[in-house]
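Chain lettering (A, B, C, D, E and F) follows the sequence in which the chains are written, and residue indices restart at 1 in each chain.
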Amino acid sequence: MTRVPDEGLILVPGGTLITETPEEGRALAIAMVRNTVHTIQPELEALQAGRAQYATDAGELIAAVQTVSMEFQTIAAANHYWR
Amino acid sequence: MTRVPDEGLILVPGGTLITETPEEGRALAIAMVRNTVHTIQPELEALQAGRAQYATDAGELIAAVQTVSMEFQTIAAANHYWR
Amino acid sequence: MTRVPDEGLILVPGGTLITETPEEGRALAIAMVRNTVHTIQPELEALQAGRAQYATDAGELIAAVQTVSMEFQTIAAANHYWR
Amino acid sequence: MTRVPDEGLILVPGGTLITETPEEGRALAIAMVRNTVHTIQPELEALQAGRAQYATDAGELIAAVQTVSMEFQTIAAANHYWR
Amino acid sequence: MTRVPDEGLILVPGGTLITETPEEGRALAIAMVRNTVHTIQPELEALQAGRAQYATDAGELIAAVQTVSMEFQTIAAANHYWR
Amino acid sequence: MTRVPDEGLILVPGGTLITETPEEGRALAIAMVRNTVHTIQPELEALQAGRAQYATDAGELIAAVQTVSMEFQTIAAANHYWR
């Protein structure tokens, strides 16, 4: 078994929810989802098998995006919606 | 493998959550969902296969709309609900 | 293939989230969900097949209502909950 | 085919989100979910078949409660959480 | 058929969303989910069968926790997050 | 049957939603999800079987992260987003 590198296990990369732009906020949402997946399942081999599974399954791909949408709700509120 | 064109990978098209009307806000929600899908799965062939799958599966179609609803919650709040 | 009529593709019917009553707000939530479904899948034949599927599947019916509940959260907030 | 009686199709029973107590607010959430189900699927026979299905399926029962939880979030906010 | 006892059908046990501590708020969230399940399905035998099913199914167990998380969002807001 | 140790059953570990950093807030979200799972299913053997199941199932892994995202929405709001 190979373990995800340490930087892949940081739950809030950058240590803050504040970003300069919505684009960076969205990228942070994706990174938070990815690293939480890593924290729950840190075995690279299992992650790669799961990746092959959900990236070609429309239902699971949509569920992955929903998770990003939830994080983005939090990040957008933190940034007063970059108004 | 063909890759999604670069403009399909912009996470927040237009770079802002602020729109003039609810209709444009809803269209932005759809675009954000679509481009996040592209970012997670940038292979056109896989996307087209997934599209054929979820567009004829009522359950997955509903899940896709739920994702749009979540983004729209964020966008509507950003725009003070266009009151 | 028959395409959904144009009025079925308006994402926010009426062009505003503001309604006079909670009842109208709830009806708007249903209309927004329906028309977003139409926008993602504009082929009438596929929609009718999907309708037959989810209207008799308890799980998918519940998922459809969840989507309405999400839109209604947004619409209710927009209307200060009609207090 | 038998149709759900008219009172079962009122989307917001009582016409307001304001209730005197949390208990009544929760009951309203359940009624709103139920009547939205009726509006999407008004055939009594299909509803009774669906009821038999989800009431004995733990996953669908949980999904039904999630829908109630979402409505309750809205109703509780409308009532300033009955503080 | 045996029916759930009356106290298991109170939708908001204690009649208020206000609690002294986060721990009690979380316990209330669990109780609200449980009693809403009871209200939708009041037959003890069906509940016990469902319990055996979801308690050993990881996906349904996670869905049950999601429902608790939603109630807790409401309860935490009601209590100004016990700040 | 072996029971989860008592500290694994504390619903809000630390007794507060307030944390010093987003990283700690995210870790609290994971701990709250985990301990709520324990409270609903306190049998260690069933938990270990479920763990083997969802950690290799992409769909269930994503659902687990969604639950964390929901808790984090609450915790982030409690902390004024650590602005």
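Note that in this section a contact is a pair of C-beta atoms (placed from the backbone, for glycine too) under 8 Å apart; a residue touches a chain by one contact, two chains touch by 3 or more.
Computed from a prediction, not measured in an experiment: that's the story for all the values here.
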item: Shortest chain-hopping distance from subunit D out to subunit F; value: 2
item: Intersection of the contact lists for subunit C and subunit D; value: none
item: Subunit E and subunit D - chains in contact with each; value: none
item: Subunit B against subunit A, contact positions shared by both copies (same if over half, else different); value: different
item: Rotational angle, Cα trace of subunit B fitted to subunit C, multiple of 5°; value: 60
item: Between subunit A and subunit E, centroid-to-centroid distance (C-alpha), Å; value: 29
item: Whole-Å separation of chain centres (CA-atom averages), subunit C against subunit F; value: 33
item: Distance from subunit F to subunit A - Cα centre to Cα centre, in angstrom; value: 17
item: Touching two or more other chains - residues of subunit F; value: 57, 59, 63-64, 66, 70, 73, 77
item: Chain-level touch network, classified as line, ring, star, complete or other; value: ring
item: Successive chains along the ring, subunit A then subunit F then the rest; value: A, F, E, D, C, B
item: Interface residues, subunit F side, partner subunit A - complex; value: 21-23, 25-27, 30, 55-59, 61-66, 68-70, 72-73, 76-77, 81-83
item: For the subunit C and subunit B complex, residues of the former touching the latter; value: 10-12, 15-18, 32-33, 36-37, 39-41, 46, 49-51, 53-54, 57, 59-60, 63-64, 66-67, 70-71, 73-74, 77-78
